[in-house]
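Notes follow once the structure below has been shown.
Chain lettering (A, B, C and D) follows the sequence in which the chains are written, and residue indices restart at 1 in each chain.
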Amino acid sequence: MNSHWLSCLLWFWSSFNVELTGVKEEQTVAVPTPISSLDLWTLLLQRHPRLCELQDGVVLAVRQEYVAIGNQVVTLRDGDEVAVVPPLSGG
Amino acid sequence: MNSHWLSCLLWFWSSFNVELTGVKEEQTVAVPTPISSLDLWTLLLQRHPRLCELQDGVVLAVRQEYVAIGNQVVTLRDGDEVAVVPPLSGG
Amino acid sequence: LAEKQNGPRDIFKLSCDWLSVQEVVDAVSSPSCGAISVFIGTTREDEADGKKVVGLEYEAYEPMAQSEFTKLCADIRARWPSVTHICVYHRLGWVKVGEASVVMAISSPHRHDSQQAIQNCISQLKANVPIWKKEVYNTQEASWKENAE
Amino acid sequence: LAEKQNGPRDIFKLSCDWLSVQEVVDAVSSPSCGAISVFIGTTREDEADGKKVVGLEYEAYEPMAQSEFTKLCADIRARWPSVTHICVYHRLGWVKVGEASVVMAISSPHRHDSQQAIQNCISQLKANVPIWKKEVYNTQEASWKENAE
């Protein structure tokens, strides 16, 4: 596995997350890559334990594309944008 | 048959008819009653032969209720409103 | 009076003036409704046998149009009981290309009812409300139309 | 430039200001279209556990919302090729009861396409565009919502 750690722009786009994590944006998160989306989510939960309150229906967005939390492997590049996306409620 | 003749208010509501008959409203048409809607239409055609240009899709309205041209028997009362209704095109 | 103002509204207007979408929307607005569906029918730029349509001339059998609208509303309310307000404005007389000939709006607490009801409303209006249009061409000619459905 | 102006328009705006229905309708108007379907989502007067909703607070992941809207338009145009223009305005921030949170309009030459497309548009927006709302109650409390579908 050609795994290495890199820096990702971690976004908490919804106030759900802001309220849970207390931050809107983290600039300097080190993340291994490639990584399964489930491992990426687990890593985020370790940094921000209150995110577990979201649980059901949460997905990630990597480079502004939705990624379900599961076995799907994500390849990250330096500076990539990773967002935590709780259930939508627009309209 | 308890048939008798009475006066009807005959309306030509659409310009189709106005253009064909040259009148918008006739006050003093004598009509037998009861009468089938087909006979009523035939009577109108005799008075205004150019109405035959309408033919397909034309219906009558008696007291502002649609009446298909056919065997249906209409009982008219003095002063009733009878209108010739060509195919609709609202909207 | 308050009860009347808060009850369901069925509003129908035939008008020779330009139709305001905002006015029709405002007529069906209600704090109990999360959804307003609107349909606007406009005069389309069209050609027939090489002649260009420049506008439409509308005419109605006015008292019967009102009574058919009343039936139409009763039918919609029977099928979609959650429908709150219904408003239909239809132009009469000359309507030039690009302008609205009909603006209708229906409100309901949730969106599916108003969306289904508005489709039914325009279909019923075309099928049952005694209104006619004449296409007027750039050649000065004109011809009466018939709704296909 | 003329070609660009006459070509299909996909317009998306996130706005903290009151939404003008007329502006959205004008954005999709076209002489080639006989039909404009509009959907307006408004903040409904509602109660939850005896608390009254006084308004909604909207938030979006803005750049991704724009890119999801672009995908949504591509999907609509694939399903209904006759759709001409698509315009969606969505409020952000505070929206009090009775005001519109979303106004969308779709134009097409004939009505069935714009009517089906507008239903699909609001469904896809709710399912895919990263926007969230928080219900704010008369008790000063608030709770984040989740679209049921």
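Keep in mind that, in the parts below, a contact is a pair of C-beta atoms (placed from the backbone, for glycine too) under 8 Å apart; a residue touches a chain by one contact, two chains touch by 3 or more.
Here the structure is a predicted model, which is why all the values come from computation and not from measurement.
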Partner chains shared by chain A and chain C (touch criterion as defined above): D
Quick check: how many Å separate the C-alpha centres of chain C and chain D? 22
Separation of mean Cα positions, chain D and chain A [Å, integer]: 27
Cα centroid separation between chain A and chain B, in whole Å? 74
I'd like the Å distance between the centres of chain B and chain D, where a centre is the mean of that chain's Cα atoms. 49
Two or more other chains are touched by the chain A residues none
Any chance you could list the residues of chain D touching two or more other chains? 41, 122
If we use the touch criterion from the header, which chain pairs count as touching? A-D, B-C, C-D
In their shared complex, chain B is touched by residues of chain C numbered 41, 57-61, 63-64, 67, 90, 101-102, 122, 125-134, 144-147
Contacts from chain B onto chain C in the complex sit at residues 11, 13-16, 57, 61, 64, 66, 83, 85-91
Counting only contacts in the complex, chain C reaches chain D at residues 20-22, 25, 29, 31-45, 97-98, 109, 111, 115, 118-119, 122
